[in-house]
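Pasting the structures in now, so scroll down.
Two complexes, one shared chain (chain A), two partners (chain B, chain C).
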Partner chain A sequence: MTSKRTTPVRGRPGAGPGSRRRVVSAALRWLALKLAGAAFVLWAVATLIFVGIRLIPGDPAEAILGGPGSQASAEALAAARAEHGLDLPLTAQYAMQLERLAQGDLGQSYSLRVPVAELLAEQLPGTLLLAALAWALAWLLALGLALWSTLGGRGAALVASGLEIAAAAVPHFWLASLLVLLFSNALAWLPPVSTNTPAGLVLPVTTLALPLAGFLGQVMRESMLTAISSPFALSARARGEREAGVLLRHGLRHAALPGIGLSGWALGSLVSGAVVVETIFARPGLGRTLLGAVTLRDVPLVTGVALASAAAYVVVMAAADLAERIADPRLRAA
Partner chain B sequence: MLFSSRPSRASATLASAAAAALLLAGCASGGTTGSTGGGSAAPDAGDPVSGGTLVYASGDAEPDCLDPHVRGNYPQALLAGQFLETLFTKDADGEIVPWLAEGADVSDDGLEVVLTLREGIEFTDGTPLDAAAVWANIDHLKDPDTGSSTGYLAVGKIAEGTVEDARTLRLRLSAPDAALLESFSQPWVAIQSPAGIGRGQEENCAAPIGTGPFQVASWTRQDRVELIRNEDYTPPAEGAGHEGPAYLDGISWRFIPEAATRQSALQSGTVHVIDNPQPDAIAAAEASGALGHLDAPRPGASNRIELNTSKAPFDDPAVREAFVKSVDVDAGVESLFFGTARRSYSPLSSVEPMGHGDPAPFGVDTARAAELLDAAGWDERDAEGYRSKDGQRLSLEFPVSTNQSVPAEQSLFQQLQAAAKEAGFEVKLNLLDLSSWYGALFANDYDLVSAPYTKVGPDVLRILFHSDSTIPAPSGYFANLSQVKDAELDRLLTEAGEEADPTARAALYDQAQAFILAGHYILPLYDQQNHFLHSTSLQGVGATTAVASPVFHDVWIAE
Partner chain C sequence: MSGPGSVPRGAGLPTGPRRSARLGAAAAGPPGLVAGGAGRLPALIAGAVAAVVVAAALAPGWLAPFDPLAIDPSAAFQAPSPAHWLGTDESGRDLLSRVIHGARDSLLIGAAATGVGLALALLLGVPAGLGAGGGRAGRWLDFGIGRVLEVLFALPGLLLALVFIALAGPGVATSVVAVGLGTAPGYARLIRTQVAVLRSSPMIEAAVVLGRPRGTILWRHLLPNALAPVLVLATLGLGQAVVWASALSFLGLGAPPPAPEWGSMLSAGRTYLGIAWWMTVFPGLAVVAVAASSTVLGRALSRRAAGL
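So, the complex of A and B:
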């Protein structure tokens, strides 16, 4: 990494023979901590969902028999309750569910009568693709705006900040409807129904990316501005580094840090956004699955989607932690 | 108007199809409302051509099981109408006619029904449609493990069945059931291959096997169901559409929940047909002629607001009348539905031949409403201008299901709320998700409510207004939401349900409906709206099942 030379950090641990063991054991400790944290998060999510879904009105047995307001007979209800263990005390149901989950068995969807794992495997790739593209586009836009506003002077900064605030404040459903009206109805450039083709992905990805980009852009620009007016940037300029070099070597790195720190939050925004975007653009995926599952009080399916999201959160947070260490040498010293 | 003269050929097509006794509640009403219906087709479309895949975009929830015996809702019926058929169906006049069955003989005491089946009909798995197969279907509906919540009600009075021979099934009833053949016309009681049912629920849910013009090829959840043509199909009844298999190679049935996206997909040519269009889009399509429109009101009950008579203030008939006289439904329907919905004055859908409407109880008369309320003791006004009695405000809970009320209807309720305020009623509109909404109903926590109910035939009146229907089902559900309990009304409805003679039956239902209207138990709004918009390249749209879901056997795509 070329930038090591210019970072203000001193006394970074050397690569001596004694330090290697320390590094390995530190890495193991880090991993163990992450795993324990992950297990806790997953347990907490499973428990919250179990409790939460019983607090909202609606009988899961009805979900099995056609949703609320079904006119199912007493026999049919009893059969459904017995089949899914809904006639057992809540504590027993909770224990059973935890035991099943611990064995990696997500159970069967009440409403779709298909193993939850199978549904997740079917719906996850589409959502992952959407989220990954949106996340990448959001970063590109946010960094681009941050760079432009820093280089472009006062006027550019004002415009960029205005754009960012507007983008961050726009609700997904509104943006989606606007894009459909503009690009599908009026201009007929892009299909309103999303498919996994480039043209079919533009509108949903943009819808998801813009609010995220607005939010990321705000923190990135701030951080970049602080960086290029700090003493190390001054010393870099004094060494004869050109302004573009200062920006790219120092500004970008500093701009990226808060963005990386917000990765967990970004994932949350992408998942909740996916519910809206997948519904509006009629795209199969986890978001739409979750919406249907909650409406129908499909406990196993809601639990499955929530656990999948929680697992993604754990992975993203760990990756963000690593990325932060790479981008910010100060953390490696710690 | 540009095309008031245009649909002449199309109308002729419609009329001949209607005369041909096709299953077309939709067409019949399309004609009466002046909707272009299937008739918006270009006049010179030429002879039908085979081939092509129709793309259908549904805004209804994706079914969780394609077998309509399991649970049983309208989205299932919409799809099942393409690949399953019923023993009976409805003709253009709303009369019940034989379909897979050739006829039914009912004994004098009404307790025995002998069904005769048509000869030579096969399921798409090659097994014959015979008496044993029909009985296996009734058995399947009655089996608690099937989890039927609609179809099992329809066959509830069937106690036992005897297979006399391949084409004859003798049914023994626990009580006379004048509505049995109407029940048999509903897709929730459609006949499917017993071998298919025998595969177990998971497999049968994914691809039920029927006798219809199409069959299920594949189902990608949250995306689409692919249907392909049944090459051996021909309509069982004569004159119902063209002979032989469907023109289309298949149907790609997609799920697009968002109305604006569906509309956009239709306009951009991505899909050929959409359901649940917004009223403004229907009006625009009618005005421009750029899209075809099928207006197919659902049978059964009209959409209506029910007044809960089980508690104050609506236990007082005078307060019910005052409320009804305070609100102007017509103006709201006209403005919010852009002329696509017609005001109803009946508890029954306009497609029900035994429907009885009477505008008289529903005229707006605010002076009379004020008199009634004063006389009933609601003569004080509180600080916010609402009427009160003994310090109690004249307040009405109105839970609204966002799943069951379209945005235009929710706006209509807001208009009614404003009008009722003028008269001194406080209407508390509460937008709720389906589970919470049922929760409010089951807790008797409502004074006003609007709940659709689709069923073929006037027997729906017994379900909605007989005192037995105030007793909750095991799930808490009860259908009699006005909670009217009246011995005379019960008698009329029970007798009508058992009356074999159509004229006598109609007279009984007439009296029952007059009673319901005069008692201000309900405020009828309009038929249960059921519109479809389609590309003008589609020809022959119009045939529907008995529950007004379109069937695409006769449809073809013009170049």
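So, the complex of A and C:
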């Protein structure tokens, strides 16, 4: 089904200017749909937090400034009331909040006294690097596992299911601690504090990648095993394609599909993991910023990180949708 | 912390109709219900581990050799020895006793969080599932709840829990609700699918034709059948909830330090990672044992439910 010869979707005959226009308009429609979806999700997350602050018993100004225990000064409370329009009716407050968000104004972090948008821009690259490397490593490990088991590795099934149970059961924070104990304390190979050097990235990236690889590996392995024993693989072999070709052209593609489908979930694992990993390895980044903000109940900053992460989720889901279409011609025809 | 996204993934169950089928496949967690291929031995081991942990939670005093809170500064930071099998912590408290006593709090928090998650999920999932096959209003309800779930999925993993803690303040009760909240969207999606499939099943049709009252159909026929697979997943989810709750305590957002709860013991252990590895290794091993056995048991149950 995935063979070029059986589904000539890509090089559609008669791809004249008319059909190109159709392709462009379909792409625009797709983009518009995704943008509308993204706007909806961001609006809903902002609304959720707005309602949440007002549902918590007590003074919302105090809630914004760190909860009842924060002992915010009278001036700070007054400033927060003015900034968020807390004297206005609820609908006006809500409109004000949305208007500011629409202008890209995420407010001021009360604990760090810096605009939230500035903080996010500053902390994002480090986390992005960490997450991207971990994601790549997890895919490599998972695909390797899938290939190994189709090539007849009898241990692969055991490693895969062992890794998967470990992925479900081993918390990031414990894995990180064990890696530090082994590689920093006992062997002194790698630093326990993460920097943006290769040596400083190994432990945090491994911590994030291993659980992810466990889940991805299991689904990729099964999808690949199903693919290479299905009729289209047989017909590819009958056409004279070599086993390596079958594996690389069909097996890998089918292994990748469920992995792409799990992208949203993988992002969640990486975001939660980043909170823990950045804290343990004393690495600056969004996760550690979020934990600090949650501990101090810095609501504007928490809102900012939540919105950024929801935006990342929307982008990842759109990218996954696109990647799925590229990898799976059956979806393109539809 | 791999996330209860990993729990209610709904794999192996019929996916929802139309568009949501693809959406569901893309957004939900990994299909962990795929058979591990192992025999009965893992399930037996997992059952034995679970029995020991439950025994520790029910009667910690019988199993623990020492008082988990008894401070003895002269015995601080002792490595594992015949006297203290798992060593002692920074205040000279016996680690084995603390791990045994920690079972109760950790399990209770995990079970309560799973309960909260399931209750929220029922509130969202049952109306959506009933609406999915119903009239115009029902389909709108299903659509609305579906969008709500989509938004909750956009705050994945620990994020929803952390946002909730930021609003409500840290503590044991908050972390129970927070973990429950984080797991609810996944369960809700599964319950919705279950209810939607059941609603159009011949069994329910027969009950409707026989003129049974709506309440009876809901409580006697629909819910029990929808809940059976969900309870299997809750077995899987319990371990995840324990992991999440311990992660929150580890981050200093859950149970406060003196209590013998695994996560807060690990948080203390982190401070002394360089000098007392046992303070990190053993409480973590307890968390992993609970999570792994609940995963293995949950899978064995779901395989049995699927008739494999």
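Quick notes on this structure:
As a working rule, the second predicted complex is superposed on the first by the 267 of 334 C-alpha atoms of A that agree within 3 Å, B and C clash if a C-alpha of one lies under 4 Å from a C-alpha of the other, contacts with A are read in each partner's own complex, and residues count from 1 in each chain.
We take it that a residue touches a chain if its C-beta (ideal position, glycine included) is under 8 Å from a C-beta of that chain, and two chains touch if they have at least 3 such contacts.
This is a predicted model, so every value here is computed, not measured.
By the touch criterion defined above, A:Val114 lies against chain B but remains apart from chain C after alignment on the C-alpha atoms of chain A.
After overlaying the two complexes on the shared chain, residue contacts for A:Leu252 are found with neither chain B nor chain C. A count of residues in chain A touched by chain B and by chain C gives the higher number to C. Of the two partner chains placed around the shared chain by superposition, chain B is the only one that A:Ala80 touches, whereas chain C remains out of contact. Judged by the touch definition given at the top, the superposed model places A:Ala320 against chain C, while chain B stays out of reach.
By the touch criterion stated above, A:Leu129 is placed in contact with neither chain B nor chain C.
Touch criterion met: A:Ala306 reaches chain C, while chain B stays clear of it.
Of the two partner chains placed by superposition, only chain B is touched by A:Val193; chain C is not. Once the two complexes are overlaid on the shared chain, A:Leu88 sits clear of chain B and of chain C alike. In the superposed model, A:Gly264 makes contact with chain C only, not with chain B. Overlap of the chain B and chain C contact sets on chain A: residues 56, 67-69, 177, 180-181, 185, 279-280, 295, 297. Against chain A, in their complex, chain C makes its touches with residues 1-3, 5-6, 25-32, 34, 36-38, 147-148, 150-151, 153-159, 162-170, 236, 239-240, 243, 246-247, 250-253, 266, 269-270, 273-274, 277, 280-281, 284, 287-288, 291-292, 295-296.
Residues of chain B touching chain A in their complex: 57, 61-62, 64-65, 70-73, 144-150, 152-153, 201-202, 205, 220-223, 254-258, 260-261, 264-265, 267-268, 270-271, 403, 433-439, 473-477, 479. On chain A, the positions that touch chain B within their shared complex are 56-59, 61-62, 64-80, 111-114, 119, 122-123, 177, 180-181, 184-185, 188, 191-193, 279-282, 284-285, 288-289, 292, 295-297.
For chain A in complex with chain C, the residues that touch the partner chain are 40-41, 44-45, 48-49, 52-53, 56, 63, 67-69, 157, 161, 164-174, 177-178, 180-181, 185, 211-212, 214-216, 218-219, 222, 258, 261-265, 267-269, 271-273, 275-276, 279-280, 290-291, 293-295, 297-299, 302-303, 306, 309-310, 313-314, 317, 320-321, 324.
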